[in-house]
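Attaching a single structure in structure tokens format; questions to follow.
Which chain is which? They are A, B, C and D, in the order written, and residues in each are numbered from 1.
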Amino acid sequence: MARPLLVIEDLNKSFGALKVTDQLNVEVEEGECHALIGPNGAGKTTLIGQLMGELKPNRGRILFDGHDITGLSQARRVELGIARSFQITSVFLDFTAQDNVILAAQAAQDHNFRFWGRARRHPDLRAASQRYLDRVGLGAAAQSRAADLAHGALRQLELAMALALEPKLLLLDEPMAGMSVQESRTMTDLLKSLAGTKTMLLIEHDMDAVFRLADRITVLIGGRALATDRPDAIRSNQDVRTAYLGEGDHAGA
Amino acid sequence: MTFWPPSRPTLIVLIGAVLLLLLPPIAEALRQPFVISVATRVVILALVTVSLDLLIGFGGMVSLGHAAFFGAGAYATALLTQLAAAGKPLVWGWVPPVEGLAVWTIAIVVAALFGLVIGALALRTSGFNFIMITLAFAQMVLFLASLRELGGDDGLRIPVRNTVVGFSIESQTALYYVSLVALALYLFLCDRIVHSRFGLVLQAIAQNPRRAHALGYRVYSYRLVTFVIGAAGAGLAGALIANHARYVSPDLLMWTRSAEIMIMVILGGKGTLFGAVLGAAVLLLLEEFLIGLTEHWQVILGPILLVVVLTARRGLFGLLAGSRGGGGGHG
Amino acid sequence: MDFALFAEQILNGLQAGVTLFLTAAGLTLVFGIVGFINLNHGTLVMAGAYIAAKIATVTGSFWLGLAVAVPSVVVLGLLLETSVFRRLYHRDHLDQVLATFSLILFFNELARIVFGRLPYQIDKPALLAGAVHLFGDLYYPIYRLAVIGVGVAVAIGLWYLTAKTKLGMLIRAGSTHRNLVGALGVNVGRLFLAIFALGALLAGLAGAIIGPMQAVEVGMGENIIILALVVIVIGGVGSIRGALVASVFVGIAESLGRTLVPYLFEKVVDTSTVTFLSGMFASTSAYVILAAVLIVRPQGLFAGKV
Amino acid sequence: MIRKSFWAALAAATLVTTGGALAQQGPVKIGFVTTLTTPSGYIGEETRDGFTIAMDQEGGNKLGGVAVELMIADDGVKPDVAKQLVERMMQKDGAKIISGVIFSNIVAAVAPDVVKAGGFYVGPNGAPNNMAGADCHPNYFIASWQAGTQSDMAGLLADKIKANNVVLVAPDYVAGKDQIAGFKRYFKGTISGEILTKLGQTDYAAEITRIRSLKPDAVFFFLPGGMGVSFIKQVKESGLQNTALLAPLTVDDRIVESLGDKAMGIRSTTFWNWDYDNAASKKFVEDFKKKHGRVPTTYAAQGYDTARLIASALKAVGGDVSKTDAFRAALKKADFVSIRGSFKFANNNHPIQTWHARDVVKNADGTYATKTAELLFKDYKDPYSAECKQP
């Protein structure tokens, strides 16, 4: 049995009367792709916020790689090896695709209070950038301004940036959001190719993708974990069916 | 990037540099020594404009309190030089030297310290509140400058100019070239910074702070360091303006001065550094021209500036240079 | 200091705060809903003051001046909105600051051309002249009491407007969810225009009633606008309640600084130190309050609450 | 070393060409940097209008029979603005005579530059203490009065009315503090409070509250221009009734006109008033009234005498200001008939003159005016002259 890389213990977060995370316990094992599904408002994105350190939980602990990271800053978490992608594409629009990835790659090196040398001419950074762009299939668009890229390409760029941080854990917040069927499939293949090499926590509404990618699935409803199990077990779980899948059609979610 | 043939922006910078270098002899030849005095002001204000462009154009920090650092540098220079001229000690029997390299270094450090304290507090906010809190801190510094001990509203006279490595800069031309060298050095420093790793991160933060956070960058530290570098540049400009006018007064720190510097940034084109020089020159010369035209010159200047803000979004440098060379700040 | 003097200082502060509030309320509404920084708002105050003072000087009637000034300023505000400000709504804060700063230069000089260089000093209307005996040693100018009354009335009026009317509903919605209002099918252009008219009305009123208390001169708008901006940030941008609380707070702090500080310290230290302390209190208290508030609550005291 | 000689050459070139460029041709240029805006703007206006009367009396744009060009500019009470104006006038336009400055802090900022550049400063109003004393200069002349003198006299006046408990009010700047020092010079009673206000302040509610708490029997206030108008109005409306109001020169006819009834009872000091009974004064008042339709204030009188002083010196050198020594000697001689009677410079180039008290009276037609009252001091020489090391 693989050891857990990420442990969420009794996590609670509320905004006023609204509980967005409610006594949540989840373990993500090293090397697995762990999917998090649930209807809108189930508290998936706010959970990512808490894992990244953007939001402070009201109670509970988050353990990562043996460290208690509950009180750590975002920067420290990234240093320890957590990276995320955003549900709504969030890149540096005025920069080229290459610059975007250079920024991620140099973040991984962590000596950036360098005021002199020209960052864009740094051979290692350029090479690393190109490698990750190739990896996500954007190699040809390296010199395009991010603002000029199509939506699907931007999603790929997001992923390249997250990968360039060389994280131990990837938090993927709906990587397929807004993609065409074709783009979705390409992205799923890409993520599939990472399976086993990267630990991933995946939030996704595209159930085909989830069931193709996930090693385990946690179903989140109202901030609580309804069930955590292997995909086929989830598919046949009666509670899940009634509460969530039972509605039959998830496309509107 | 190849150096020859030069790109259009490089060419513009080169032509500008040559013009600035040749200006004093030309002014002498035309028997217009007053021009050198005006040009010195232009160069000094260009320096403070460049420092604000670093904050606004690259760091996305719209500070409406930049005059505070300009004033801090000027007052530090004035006080030290007054003591130096009178042979009086500052503290512990230490009499400040008249030497500019020493006095100005202190002025830069003083401005940078103000920048550190104000930046550390102000950078907790962003957007509109950042604009206002920088203004508020500048007003507090303005109050310090209005203290009776610092000459109050009457300001401080400076009996002599500083020396530079022992040479006198009493002549207008000497001060002009010293200011020009200071501007060139600071421009070079800023140009290196914005293209460095640090600069890339800084510009990334200006575009999308949340993403920069998620990449693990300590956004606050990058901004604060930049804020301090900008304050230091303004402090150097302040030291020079104190020498130029041989006089400092709280007017140097008025919020309208901060706004004027901001206008120079926009006029030249934010995020272009060299454009800041152009912005300072054009605004000051325009003022000089309009003052000669009518007593009510501001009634003409206002609408001109309004049109500039509304139309020339990339500023004069963008207009001249065509496409922007290298990555600039957020547009 | 006896109680009467203390009370008088509170009244002075209240009056200063209320005048500030009239300017700040319009400014915070415009910023909160339209998302537009209008440094030129002070010019509207100045315009109100000049028009009222000019008419009062020529005709001898303060009331006529007031009656003409307020609608004139509203018209001026609407002209500015339609001709210039509209083009700035979608620009960043920097452009807004600079464009409206340019307008300050223009209007200040224009005022100099139209109204001359010398300040206007107008008399209080006969109805409100003189002082009234409140209690003990305390005589207080009736006019200043009336100004406080106007401020209270405006505050109540704005509360009614925001809490009980359709426009108020839109204002509340707009200040927290700016994009929502458009989605509700409201004519955003007309809503903005209405907000501007309201802001201009309050600014014109503030200008007209300031006249009899101080010199009407070029540059008065700038002094007011800086303080008003400080006040709306303290209160939380977009919050009328915040603007009111912060205005009164700043007004009273400055007023007490100018008298309470000398009173407390004059027995202890020499005159020049007293002057320094009271000067420091009076001229920086607003900024110190602002810095303190923003450091503790970067979004301001009442952010998100109209 | 190369750099040093390069700079030296450039510096030399600057000096040579500036010297050459500024040779006088055409009319003598006089730079008149004054305050025309802000609540104190009328002071500059009066001074200018008085100055130009002297030129008009010679048929326009002439002083002492010499063609002059008066370059008028507004400093907005900002020293740095004034410095730039003076620099432009001297370097660009070639003016050698600078005049017009109202505020002492601005005089302190610009006058040293003027004399350092070899020009002459002939002041119609502001005259800071240090420039009358240790920092006096042979090219620096004041045609009005040393700034503190008016308040020296107010101190005497306070003694005369037997005021015992006095509160002093002045703006927080050089001249304001000079006035407070001046008042204390001869005053024998107690001073229960000194209030320094912001220069340009117009709302005095808090200060008046404080004055009331001190219960003085007289208030001495030095608040020039609009500041004084606001202050007096607010005092009169505050219920502060039984307190004498004393002012230096600042309560002039313009102020009295705008205050009307509220000005009654205010006592001030002066070196001249429109009702002075001498031929020169009468002619000035008549010409001024004819042109401007109002009674000239003391500021106008100062402007006029300043122009007449410059005229006498220009006449002596035949309009050639480059004869520096002769021009200086002629200024010092002050060979003109002043509207205040005799006019003589002390060693510090400030006038020795006689001071009177001044009252506000109501005319038969219901208007209000100033009126000369008792003598305060004959041939007063300001005390700073003792510190001035020039003959």
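By definition in this document, a residue touches a chain if its C-beta (ideal position, glycine included) is under 8 Å from a C-beta of that chain, and two chains touch if they have at least 3 such contacts.
Note that this is a predicted model, so its numbers are computed, not measured.
Participant: Going only through chains that touch each other, how many steps at minimum separate chain A from chain C?
Facilitator: Contact-graph shortest path, chain A to chain C, evaluates to 2.
Participant: Would you identify the chain whose Cα-based centre sits farthest away from the centre of chain D?
Facilitator: A
Participant: By Cα centroids, which chain is closest to the centre of the whole protein?
Facilitator: B
Participant: Which chain pair is joined by more contacting C-beta pairs, B-C or C-D?
Facilitator: B-C
Participant: Between chain B and chain D, tell me the centre distance in angstrom, where each centre is the average of that chain's C-alpha atoms.
Facilitator: 37
Participant: When the C-alpha atoms of chain B and chain C are each averaged to a single point, how far apart are the two points in Å?
Facilitator: Between these chains, centre-to-centre, one finds 32 Å.
Participant: How many angstrom lie between the CA centroids of chain A and chain D, rounded to a whole number?
Facilitator: Spacing between the chain centres: roughly 76 Å.
Participant: Could you list the positions in chain A whose residues touch two or more of the other chains?
Facilitator: If we look for residues of chain A contacting two or more partner chains, we find none.
Participant: Do you know which chain C residues sit against two or more other chains?
Facilitator: Touching at least two other chains: 112, 279, 283.
Participant: Any chance you could list the residues of chain D touching two or more other chains?
Facilitator: If we look for residues of chain D contacting two or more partner chains, we find 74, 172.
Participant: Could you run through all the chain pairs that touch each other?
Facilitator: A-B, B-C, B-D, C-D
Participant: Would you pull the chain D residues touching chain B in the complex into a rising list?
Facilitator: Listed in rising order, the residues of chain D that touch chain B are 3-4, 7, 10-11, 13-15, 17-18, 20-21, 74, 78-81, 83, 87-88, 91-92, 105, 108-109, 112-113, 172-174, 199.
Participant: Which stretch or stretches of chain A touch chain B in the complex?
Facilitator: Listed in rising order, the residues are 52, 54, 73-75, 77-79, 83-84, 86, 90-96, 99, 102-104, 106-107, 110, 112-120, 122, 161, 165.
Participant: Quick check on the complex: what are the chain B residues that touch chain D?
Facilitator: 24-25, 28, 31-34, 36-37, 148, 152-155, 157, 167, 170-174, 177, 245-247, 249, 251-252, 295
Participant: For chain C, which residues are in contact with chain B within the complex?
Facilitator: That would be residues 31, 37, 84, 87-88, 92-95, 97-99, 101-110, 112-113, 222, 226, 229-230, 233, 237, 272, 276, 279-280, 283-284, 286-288, 290-291, 294-295, 298-300 of chain C.
Participant: Can you name the residues of chain C that touch chain D in the complex?
Facilitator: Those in contact with chain D are residues 1-2, 5, 8-9, 12, 15-16, 112, 117-119, 121, 124, 129-131, 139, 141, 143-144, 213-215, 217-219, 255, 258-259, 262-263, 266, 271, 275, 279, 282-283.
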